[in-house]
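I have a structure here, written as structure tokens, and I will follow up with some questions on it.
By written order: A, B, C, D and E. Residues from 1 in each chain.
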Amino acid sequence: MTIRKSATRGVAASLVALAAAGAVQAQDSLVIGADVDAGTLDPRLSRDTTAYRVTDLIYAGLVHLSPTLEPQPDMAESWESPDPQTVIFHLREGLTFSDGSPLTAEDVVYTFETLTDPDFNAPQLTLFAPIESVEAVDELTVQFNLSAPYAPLMSYLSMGIVPSDYAESGADLSSEPIGSGPMVLSEWNRGSDIVLEASDSYWAGTPEIETVTVRIVGDNSARAQAFEAGDLDVIQSPLSPQDIQRLEEDDRFGSEIMAGLGVTYLNFNTADPLLADPEMRQAFAMLVDQETIVNDIYQGVDEVATSIILPSSWAYDESITQPTFDPAGAAEKFAELGWSDSDGDGILDKDGEPLTVILSTHSEDPNRIQAVEYTQAMMQSVGVDAQIQITDWPSFSSGYVQQGQHQIALLGWLNLTDPDRLGYAQLTTGGSQNWGGYSNETVDTALEEGRTALDQETRAEAYQTAAEVIAEELPYYIISYQGYQLFWDKDLPVEVTADPRGNFRGMIGMPETAE
Amino acid sequence: MAPLRDIEAGDRRPADVAAPALSVRDVEIRIANADPPFTVVSDMSLEVAAGETLCIVGESGCGKSITALSLLRLLPDGVRVEHGEIDLGETDMLALSERRAEDIRGDRIAMIFQEPLTALNPVMPVGRQIGEALRRHRPMSRRAAARGAVAALERVQMPDAERRAQQYPHELSGGMRQRAMIALALCCEPEVIVADEPTTALDVTVQAQILGLIGELQRRLGTALVLITHDLGVVAETADRVIVMYAGRRVEEARVTDLFDEPLHPYTRGLMGAIPRGAATGGHGRLTDIKGTVPPMWDLPPGCAFAPRCPLAIDRCRAERPPLEEHRPGHLAACWRVNDAT
Amino acid sequence: MTDAAQPAPQAARARRRIRWPKALRSAPLIAGALISATIILLAIFAPFVATHDLTQMDMPNRFSGPSAEHWLGTDNFGRDLWSRLVYGARISVTIAIIAVTLSAIIGTVIGLVAGYFGGWVDLLLMRLTDIFLGFPPLVLVLAVVAVVGPGLLNVALSLVIVSWTEYARVVRSTTLSLREQNFVLAARAIGASPARILWREVLPNSLGPIIVLASLGLGTAIIWESALSFLGFGLPPPAPTWGWSLSYGTRFMREDPWMSIISGAAIMVTVLGFNLLGDGLRDLLDPRHQTRGKS
Amino acid sequence: MTAYVIRRLLLFVPMAVGIICVTFALLLLIPGDPASVLLGQEATAEGIASLRAAMGLDDPWYIRLGRYFADLAQGDMGRSIFQNAPVSEIILGRMGATIELAAVALFLSVVVGIGLGVLAAIRQGGIVDAATMLLAQLGISMPVYWLSLLLMLWFAVNLGWLPAIGRGEPLIPAFGMMLAGNPAPFLDSLAHITLPALSLAGNSAAIISRLVRTSMLEVLREDFVRTAKAKGMRRPQVVLGHALRNALLPVLSVIGLRFGALLGGAILTETIFAWPGLGQLTIAAISQRDVPLIQGIVLIFALIYATVTLAVDLAYAAVDPRIRLR
Amino acid sequence: MPLDATAPPAGAADTAPLLSVEDLQVHFPIRAGVFQRQVGSVRAVDGVSFQLGRAETLGLVGESGCGKSTTGLALTGLIPATGGAVTFDGARVGAARGRDLARYRQRMQIVFQDPFSSLNPRQSVRDILRAPLDIHSIGAPAERNEQVLAMMRRVGLRPDQAGNYPHQFSGGQRQRIGIARALMLGPDVIVCDEPVSALDVSVQAQILNLLADLQEELGVAYLFISHDLGVVEYLSHKVAVMYLGKIVELAEKADLFAAPRHPYTELLLGSTPSLDPRKRHGFTAQSETVPSATHKPSGCAFRTRCPLATDRCASEEPPLVPREDGRLVACHHR
């Protein structure tokens, strides 16, 4: 018995030793936890965060967005805009893809022509829609012709350039990517991990980290636990608020908690008879306890929101405000609108119809479910018969909200690198993502102007105008500005720089990609 | 077919019965894990000498199988020999440790069970099952044990023994299985064999062969045989002496000829009268049936257990249990009315 | 005629003597029955035993441990966990009972028909059963809930789809063996129709295994339901389902383990209760355990 | 025997067809359009429509079903909508991990289950029996995902003994490396598989131990056990040599079923432990409405399951000479 | 009563036998291969013919697997016969459909061997005995319970036990219930399939007496199937000996037991232990391989065990032919 006991102890000890060995070994390699696997490694087809982040390492775009979202020269050394509808880029000399083939203007043209080809079905097609044509002036010069002035364009041109010859030869960029970025794909075990190795063909040099492994751990808590157990070197949003607090206090880890590029919001269906009246929407909005949701449910990792413009944006104006939590005010408002509890059942009614509303969200994010559940309780407290509908993401998004079948849906938008990305498609009349059927002339005009004006001040004013109307009419009620959190093991050999988009260049020592 | 032969049955008992091969005295067996516990066998005594056949006969539930198992210390959990003595030669079986008892079982005392299909391990060739017993008690190589098993099968006249040894129980016919069972029991040439209804599951023609086989081997090896059966025909065919059991007790004990000549106990007489052939052969004469059924062991009437079914029962029978007494020389019976009935 | 009936009262007396002590001596059975009964009673009388309003939130007091005010502490919204668990029992038990009853009925009918008629009917029905068995159960449940949407009845329905096969298989095999029993042959000999035979002869004798399966199935159904909630396919909040409580609880397990432990324990104890009951019944109904040691 | 195997294999065909049809029906009925999921929140109506057409989603169901069968007959399981790769390739890449996990879990549950079951049976009524069976009851009553999280919390996070997530080298090549003198990968793989396999095995081990106990008790009451005792065999020989082998027969037939359950349970375990297998893939595929992938996975699950059942049946025949396969 | 198995069913109702069985066959298919095609058949009952008169008992005796029980089950329609003709009270049973078949079933009942498995443990005696009446709508529903009680009295059960369940009865009492059930429909023939072989001797005698009494009172005929020659001898008028699916000898009881003709009958009688220890048979240990219905020897099935067997027995199957003393024997040499 004694022998057996010591044997077990021996095994345990050797396992511990082994784990330690693993940690020491990780000298110039980096294991990053991710919540989903990349769907594709073709930057043009990327639609999930992991794909964005990994292709950002494998590929390089004309420009690169710095952590403060400033476009920095990358493949393009410089650019100019002779007129508002034309942009000309000058590529660096001697650029090559990781397979050694040269990167020329032809590749840029090919990349954007395919992107804007409707049959190619690029998820971000709409973002590039104003591009009328792209032409190669010479080997190193590319000219973009726009159908209208398009201010946000620069922030989208970080899109990775793909090798045209390689792509046209029938190679599958999705699984065998070749780019001109700082790393190359070494191995991809779908659903499990993506292994990248430093490239020696990137113009700005070789990254400090030799190997990056992106390991997929779906469950947020499990990912945090794996990080704590030392299996991951870096983790980032999305994380459970509870884990964030704990990790922040742990001095083994470095952390960066900053404003992110996303919002969590309520989508009011303005086409719904009950919610057609802005006053009704305001009344409902006054029942959303932003403080509690942000501070208790999200444990303060997000920030209470005031408008559709992110605080980090140049267009932000703190004077624009949405209605805030005020149950009494809401009750009063409902009374003004003719809703009263006439039959004494505790539920407001009007013309014999009870005030029933359906709050919906998707099942994958427990924090959103809690936010909805909490809001439901608040609504019920003033006599609104609020119901909750929770379905999985595909049913919820494509089968429900996108069909305009919702009443009040809790959703989010990510990657809002420009105010245009939370406005034009979502809130203009007939906009491609205007699922709530909202329509307001002032907003339409302002958003159009924000998109076409080239001068940032004009744009800011336009967006502020729109934001003001939105905050009043509330087709969207922005609950919170999402925070971005990054944790890393302090033993890492590089200095980690956070990027609100969650990109990895700051983790391999190339945050700015400067010369 | 074998001609009928006249045999002076019971005369085979050796005259010099110095020490019986097996002797049991005053054994009481209780089901200890029942609630409340109850006795299933009381005052059991028997002696059987080398070469002798003792039959224990009785109906189901009379305690005869439990008695048989107790002889090898094979009682199931919760069933205990409360007191008494079981001596195998000089060995006091009840005083042995379990490990010592294991050494003796299969070596000096062996058992033949009723249903050879279930009594043999279904997933082991019969030869190996016999070889295992050999190796357990006689140090020998695996190979020698295999040869020994074939020899044991040959001894029980198993046709094609070499091949049969490789077969599984289900591949053998009922008769062959029982032969294998007997070969297993006899492979170490025990002093005593306990056979519990060895032919009940068999057809008559096969039963005849098996009874013949057991008799032959017993004669050849000089083994003492305790044969448990419910069939008076088998008793008449094989026994030297007979014990009749009813409700856990001996009610009558005699040499086989004496018993069949003059059964003393009303139960024995009832049994004999209830057998269709013999008693009522030739015609539609009624069988003497014994009314009612055997009472359950945990709910025995006071007095004579047979009294409720006994045509001769008087008040005394219902109140007081009759002792087993010698009424004729070598012929014992437990009945108050032995002499009133005849 | 002789008085053959005489010992019967004795037999009956003995039977009673065996049965009750056996049932009462079986600690697992008693524990199982007590737990199951308690859970079901709590579910039925939830409004009377609950101490707090189900939806009354109290954010400052979230995740408080057990106290005089909140016997089992509070949940992630500061709601009273005891009250929610008691009401949750209602949902879990209702779902489990609906799921088990429907599965048992469907499976039993299919098993009876397949087992009794045999031949191509059997072949067809058993292939159908195989098809449903071939799916990983969770996948099938998820798919069905995705089709019909979450909801009490829908969740129960999805559980039926994965669990009826078990009854079908068991009932078929008991039917197969009962079909050969002499009392079924006797019923045929006196001219009973197949329907009568199935209903009067076969079914009553299959009830033992069905009851056992059902009580074990109740436990399984409760676990499945909680797994569905864990994956976000359960009843929508604020339904106080145990799955939600545990699912939320696990997210806060590190800092505030109470909610997770208590909800997990509620599920475990309940499932344990039904399982113990099922096992106890199995032992009790098993005829081999009823006979007394033969001589 | 050969005829039996062939017949069993042929029986798989209608079953697979049935499974495909049921899957197809379910996927048709599930709300949520893969095309619009594929294009994300930013999709336009036109984009969705053209993608639907390109994906063949607009064809009537019978055409799609027929096409699927036709492709399948050529060994083509279609292309994953989301991973843009052949389904067969994706599944092949994942299958090893799941089979490894399920097999190790099965091994664990069989070893532990038989050990505890035998122990409980030979100590029937005693404290060991009671403790073992209580443990088994708890094992059955414990939700798998809860057990997984608790194990991970305790052994990986608090104690730090074992890695919390991921998978090492596949066990078999790692074992090969150990034989070649490099034990580190094998130990690493073992360390990785321990927690997921344990949490997956818990339930099955409990079920098997109860079954073994029951079966063992039954066999211990059988006549041939008494015969073995009557011929003087030592108690361990009786229990292990005679009783156990017979007691394991009913257990064997359950092992096939357990393997199916383990494959199903892997869905939860793999998700929690980031085990790169089919289970994890299943959740992803369902939540993305990746129709071809779901169909492929379900079919593969059924195939693995059918294979295991067949293997179990054959093993049964090998162990029990009474079974004659026709 | 002289017997002639080959005689056609007689026309006159009073002289015609109640039940006439001709060339009854029950074959079970043997399947094999991938598609489970039938590759052969087990001839469990292979051309059995006999006749049974009113209030008469025909004993059917033979060892296990000889097809005697199968014959009984086939006659009561519980397993399908694959060939042969059964005439019951002048009418061909094979042709009967619907109501006629039901009537035939009603008049032909069966009592099983195992009194434990032949009664539904979940039904009370009343339920069990009422079922035949309910199914055939015999008597007013209100009177049926009375009929049940009367029948219980007739077979020696106490009517106050009508509400009891089978497990509350002893083996003998259960067998009484089984007999009562068979009698409820007032049958003309009862197939008794080893009705006493599971019972203790003393109880067996009770049941045998009961059967004898019932025959005397009700005039019912028995096809009495048993492996126990003593029991058959006690109850039967005529005895048929079966071996591997065929009758090898059929004779009046007294004739058969006094002087068996067929070597197999002889073997059976010689193997039965005597009840007199002074007249022991002195059995020998010699062993033999007993063939089964699946592997039936050619020609005379008994030839492999027969001391008289010659080449002819292997090639030519002896027919069951009447002998001068009225008995039927299937043997080339006797």
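Following the convention adopted for this analysis, a residue touches a chain if its C-beta (ideal position, glycine included) is under 8 Å from a C-beta of that chain, and two chains touch if they have at least 3 such contacts.
Each chain and its UniProt protein: B = ABC transporter ATP-binding protein; C, D = ABC transporter permease; E = ATP-binding cassette domain-containing protein.
The structure presented is a predicted model; accordingly, all values stated were derived computationally and were not measured.
Touching chain B and chain C (ABC transporter permease) together: D, E. Considering the contact criterion stated above, the chains in touch with chain D (ABC transporter permease) and with chain E alike are B, C.
Between B-E and C-E, more contacting C-beta pairs join the chains of B-E. Chain C (ABC transporter permease) and chain D (ABC transporter permease) have CA centres that are 24 Å apart. Centres computed as Cα averages put chain A at a distance of 36 Å from chain D (ABC transporter permease).
Between the CA-based centres of chain B and chain D (ABC transporter permease) the separation comes to 53 Å, rounded to the whole angstrom. Our note on geometry: chain A versus chain C (ABC transporter permease), Cα centroid distance of 45 Å, whole angstroms. With touch defined as above, residues shared between interfaces to two or more other chains in chain E number as follows: 170, 172-173, 206. Touching two or more other chains at once are residues 2, 4, 7, 11, 146, 231, 250, 253-254 of chain C (ABC transporter permease).
The set of chain B residues that touch two or more partner chains comprises 60, 76, 289, 291, 293.
Those residues of chain C (ABC transporter permease) whose C-beta lies close enough to touch chain A in the complex are 55, 57, 59, 62, 76-77, 146, 149-150, 231-233, 236-238, 247-248, 250-256. Residue ranges of chain D (ABC transporter permease) in contact with chain B, taken from their complex: 124, 221-224, 226-235, 237, 241-242, 245-246, 249, 319-322.
In the complex of the two chains, the chain A residues touching chain C (ABC transporter permease) come out as 220-221, 240, 242-243, 245-246, 292, 296, 362-364, 366, 369-370, 372-374, 376-377, 380, 387-392, 395. Against chain E, in their complex, chain B makes its touches with residues 1-10, 59-60, 156-159, 173-176, 179, 203-209, 211-213, 215-217, 230-237, 239, 256-257, 260, 270-278, 280-282, 284, 286-291, 293-294.
If you check the complex, the residues on chain E that touch chain C (ABC transporter permease) are 73, 76-78, 102, 105-106, 109-110, 112-114, 117-123, 131-132, 135-136, 155-158, 161, 164, 167-170, 172-173, 176, 178, 181-182, 184-185, 206, 210, 213.
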